[in-house]
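Chain IDs A, B, C and D follow the sequence of writing; residue 1 opens each chain.
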Amino acid sequence: MIRGTRNFLALTVLLWVGTVTMQAEPAVSEKSATTVISAAQQAWDDAAKLLINDANRKFQEAGAMPGVESREIELGEATTLLSVQPKTGSNIARAETLLKKIIAENGSDETAITAKYLLARIPQIHLVVRDEKLADERFTTLIEEHPAHPLAQTALVKRGLIRMYSLTDPATLAERYAVAAKESGNLTGPDARRDYFLLLSDVSIKTSKPPEVTLGHLFEVEKAGNLRDRALADLYVQIAEFARVAGQHDVVVLYYTKFTGRFKRDSRRYYIEEKLAALRSGGVAP
Amino acid sequence: MSRPISIRKALLEWRLYLFIIPSILFVGTFSYFPAISAVYHSFFDWQGGDSKQFIGLANFKKIGGDTVLWASFGTIGILVVANVFKLIPSILMAVLIHRLKSDKWQYWYRVLLVVPMIVPGLVTLFIWKFFFDPNIGVLNQVLDATGLKSLLVMVDSFFKWGIFQDGMPVAWLSDPNLILPSLIIWGFPWIGAVGVLIYLSGLQAIGTEIYEAAELDGAGSWQQFLHIEFPLIMTQVRLSLVLMIIGTLQGFGLQMLLLGTSGGPEGRGMVPGLWMFNKAFVAGEFGYACAVGILLFVFILGLTYLNNKYVRVDK
Amino acid sequence: MKWDREKFLNSIGFLLLAACFAYSLVKIAQRRSAEQDKSVTTIRFAHWQLEAGTKAALDAVAAEYIKKHPKVKIDQILIPERVFATWLTTRLVGGNPPDLVALGFGITDDRMARYFTPLSEEVVKPNPHNAGTALEDVPWRDTFIDGLASAPGLFNLFEYYGIPCSMVTTRLYYNAPLFEKVTGSKVPPATYEELTEVFEAVRVYNEKGGNLVAIAGSKYNSPVLMNALFAAQTQKLNLELDRRRVMRFAGAPYPAFFDGSFDLFSPAIRSALELSREIGKNMPQGFLSLAREDATFSFVQQRSLMIATGSWDVQSLRQESSFEVAAIRFPLPSRQNPQYGAYTLGPGSEAETGGAVNFGLTRDAPNPEAALDFLKYLTSIEGNRIFSEKSNWLPSIVSVPVPEAIAPFAPVSEGYPSGFILEWTGGPEVKRIYENAFHRLVRPDGGVDQFLEYFEPRYAQAMVLDMELTIKNGLRTLSMQDTTWIALRALEQGGDPRSGAKAASLQEVQAIGENSYYSRRYDLDEFEKKRKTAK
Amino acid sequence: MSAKPTAKRVKSEWPKHLVVLLLLGIELLPFYMMLQISVKNNAEFLNHPWLPLPPAGWHWSNLVEGFQLIFPYIANTVFVAVLGTVCTLFLAILGAYFFARYKMPFSNFFWAFFLFLMLMPGVANIVPLFSLLKSMSLLNSLWTLVLLAVAGGQVFNIYVLRNFIEDIPKDLFEAAEMDGASHFKQIINVVIPMSGSIIGTLAILSFIGQWNDFLMPLLLMRDKELFTLGVGLIYLDGEYIKQWGKIMAAFLVASAPLLIMFLFTMKLFVRGLGGAALKG
């Protein structure tokens, strides 16, 4: 409560100072722009700290300032509206309107691309009654318009999820998996590539593909890199174990060695060391 | 009942409103939060924390298919009926005390009635758990010593319940068929000190001459009770009834302490209040729990209404 | 005359009351808020560890700290577990929390982010209180035994919010002299087979007129042992069901149930249930209606030979017992056991034992610098040693020796990935029907079949409801992550590389979370379709 | 005030005493247990849970410790309990009188307002209340506890009292009104004497409630000096190895003042107010 008031006071003072200096000396008008930018930064910072309602209020206040280029502020407002508590349909609808406005003004800058991404996410996970068909269309627009942009790459992953699990075209999961596997070449960004192959590996397991296929996806995930410790440990074990099923024993040894070398405090370590010792002594892993 | 009053008279008596305004202000300011919050949150998907999503009537729609909830209303129904009978000992106790000739004894009995009230609930709970303990508990020892156990075993083998068996202590709180009986036996002989005091307050209104008149008519003590005492404490009985219904329907503390949040073996101890607690604090569905609370409210309101309508006070 | 006496007595009552009230008024009026000595800083820290010795141990650390920093006062606030969450919530929302708070009850990720200070920049600097020791130049984070790998908030918020001062493990305690008297041996059981011999010895002892329960039971203590045994029985089953082959418990039975590759009639489950029943027979009858303190009481008063609980109870048990209390790891069936050996890999590994009693620094802390410094002292070699020795809790810092008294509690890394217990296959509904059915498993005339007869028909519905709940909660997390992720990206573009790193991590976490969210939804839909056509 | 005995009734007096005493005996069992366990240690308690120890073996130290635990809180507790009870009942009597005397316009509406609160099972959410108290700068003050006691006690007490006041014969009020008594005077001269014993019962309930409450003091008071004794008791209850002797001793010490006070004031509630003044 008090902190909120303090922030509010600080902001008011800042804005007031900004307005006064602008009126007094046109020469330093950039200063007010910096103030707005720092206000936006502060609001983004709050949002990143999960202080969504505070962030939303700050964006609204910054947006109310006269004569300010407001696209980023509007994007911030829309982004935070998606998670403002309590979450209501009217907030989501307002966010959608704002995003559409941003895109209508200028469809190709960074802000607009972010807006397009969020616009597609709304029917995918933010509405109580989802409309994944619409989400698919919106992602497709984004992907076609800015194929190389990181958000379009992420969109490929999110759209991949929808097409894989929610839409029934083609009819079976195995067929959809085949289509998705063919399209994996479109993924160029490393993070998106990693996520896409994580999806493919999961579905290949779900549809009982041969272990070599899954292994191929898992190698792609490793190549794309950038996994945090916990997920990386799982990945090494997965690779080694699928390789074991596929009979590729040197891969097993390689990845188990990688695992034991890196993850000292893991409840699988002792078991894996036991398996490694058995492999090295020429036996077959249990 | 309070008397109807004409508007004109009411305007003259406007000062009466000053009597109720402080209470209204206090209650409205400080006590209304839980109720309002429950109504508000019943429309949300809420985990009890800061984040929640408005979902309209979805929680209420879900109630329809909630078999556990509906079953729990059956259980609470039995408990309410049992509790109606459990009101009787307090009434009898009050009448007994009231009929004593000696003012002094009456006074001391009242004082002794107050004493148990100051003993913390923890002590009572502790004793009753000891009472029901299958291995070292008093109840089983009494059953064994009095031979009641063999009687129960005989009845059991006749009806094939499989509850009472020779050489096996009766598992009071862990046999599903004994959960409800245990909950009902709990608190024997069911003397509620507050209840007795309330009835005694009502009985005070009986003047000596009424008894004398009754005795001249040759009324026995049972008839005296039926025709003099009981009618006079109807207001108090009805009051106890309402308070008991509210308490029973909202209550779940005993069930939770004895049986846990799942309602014990086969869920036989699951009551609506406990289900509300389970949904809120075990499953994290606070919004749904609030909706259950509202349903419970409607239910209690209905019972209170029926009680007011059919348990008449005629004097 | 009588009237007067009565009047007199009545007025005594009120006079007494009035006098008491007057006294309290005077007392309250006299009390001025304690003189605030500006030069003295008061650090307040709050937790719920009411176990014997913990408070004294933390006070001892504080006293040692004050010796070095005379201008500091340290105030320990103990709040019982059952009201801790409510208490903390009101303090945080009200903006007047203590400086340091034990993280656990009443803490969610968003609360942590909102009300606590991230310590990520601190944990990479060396701990100044380790100056002059081998850890002098080691970053604070790496002085912890688990390297802070399980610090609260790290997994979802990518920041360090909590600093642990201890670790916990669970063990089987036994009454050493009584054990010798009953079994005629000093050697505790190492395997389940040996444990059954102890059970037998207790039976013989009771036949000769003893009145002893083998293992003290309660709804708190019994599951500690039973779950460990159950999870050991399902180790191999878990690996079989683990189609993603991550070789740890990652909820594998959940999807396996929906695609039909797992059901409750699996021999491993039967065997695990059988084992639970065997153990249950050696606990007091009706133990599910007993509370934690009942079991402890029974052990301390020598009515029970053994009790299963965590290392946090060691000090209480030793203090209250007139006999020597010893502890061992849970005796599990060996792989050679003819009945139970086929399903087990061996004792579970404790390699991932993480820090416990994590203290977080509140954003509204009145004295953040002083409090942080005290926290660093508490987790320095010296401070943590004092804490560990006085409380008999395990240390969290690498070079602090485990006090001899608690040597059996040190985590053992040599062991196998854990299996699961039935409650873990689902959520709150599975837990509920499991608890409703459990008495059928352990009562004298019950058994595995009686248990399954009740449990199995209700299992599918419970799994569906739990899955729906999991999906709903998953969706909530995912949608919240969208806002945070976009915000982190915006900050990264504003020139903040740390936000960039966090954004990348969040993207990965969301991808993994969304994969499983979609995959679960798919499993559930397929299952419902199957159920419909079956009907 | 109560029925005068006739010769017939005197004869059959002792069976009544017997029944009442038997029932009271069972009711008093917890009290007895509290008394006798309070001077035992755990081992003695376990071996002889039901029988008292011979006085020579009593552990007085339990009671001393109990006293040391409770004493610092006594002043605060008396303050809150006395003020809380007096104010609660004062307002509740006024409120109940409002409902019972006439059916005033809106009286049904107000009644529903109270009833709603009594019937609504809330999933306890104390945070909004806390925020409110904070914004009113009411935290960390004993007066707030009194305030909350008053607010929390209104509904139940008004509900009970209304029933009793409605039972008072209307001619008593009318007679008083004839004499020119204001409503307040009518409360003092008619309501309070006629319902002395129920007011007494409610007062005891309210007093005990304040006496033992721990949650509100714990949550609202920042300074330990402002805690009431319920807070002291939960620490004992929250421990994981229960020292039954010490717990019972503390409970005993905590309830002793209540007991003494009730013994001395009961008389007033039981008949001092009710009897003499207005016997119909």
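Methods note: contacts are C-beta pairs under 8 Å (C-beta built on N, C-alpha and C of every residue); 3 or more make two chains touch, one makes a residue touch a chain.
Because the structure is predicted, anything quoted here is derived from the model rather than measured.
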item: Pair joined by more contacting C-beta pairs (B-D or A-B); value: B-D
item: Most centrally placed chain, judged by C-alpha centres; value: C
item: Centre-to-centre distance between chain D and chain B (centres being mean Cα positions), rounded to whole Å; value: 19
item: Intercentroid distance (Cα basis), chain B paired with chain A, Å; value: 54
item: Distance from the mean Cα position of chain D to that of chain C, given in whole angstrom; value: 39
item: Chain centre separation (chain A, chain D; CA means) in Å; value: 59
item: Multi-partner residues of chain D (each touching 2 or more other chains); value: 131, 134, 237, 263, 266-267
item: Where chain A touches two or more other chains at once, by residue number; value: 1, 83, 87
item: Contacts with 2+ other chains: residues of chain C; value: 95, 110, 114, 480
item: Chain B-touching residues of chain D, taken from the complex the two chains share; value: 1-6, 8-10, 13, 16-17, 19-20, 23-24, 26-31, 33-34, 49, 91-92, 94-95, 97-105, 107, 110, 113-125, 128-129, 132, 147-148, 150-152, 154-155, 158-160, 163-164, 166-167, 170, 183, 195, 197-198, 201, 204-205, 208, 212, 233, 237, 244, 247-248, 251, 255, 258-259, 262-263, 266-267, 270-271, 274, 279-280
item: Residues of chain D defined as touching chain C within the complex; value: 42-43, 46, 74-79, 82, 126-127, 130-131, 134, 139, 142, 214-215, 218-220, 222-223, 225, 234-235, 237-242, 257, 260-261, 263-268, 272
item: Chain C-facing residues of chain B, complex; value: 45, 47, 49-51, 53, 68, 129, 132-135, 162, 165, 168-169, 171-176, 258-267, 278, 282-285
item: Contact footprint of chain A on chain C as seen in their complex; value: 95, 109-110, 113-114, 146-147, 149, 155, 157, 243-248, 250, 345, 348-352, 364, 413-418, 475, 478-480, 482-484, 486-491, 493-494, 499, 502, 504-505, 507-509, 511-512, 514-515, 518-519, 521-522
item: Footprint of chain D on chain C - complex, ascending; value: 6, 9-10, 12-14, 16-17, 20-21, 23-25, 27-28, 31, 33-34, 50-52, 78-83, 86-87, 89-90, 93-96, 292-293, 296-297, 300-301, 303, 313, 316-317, 320
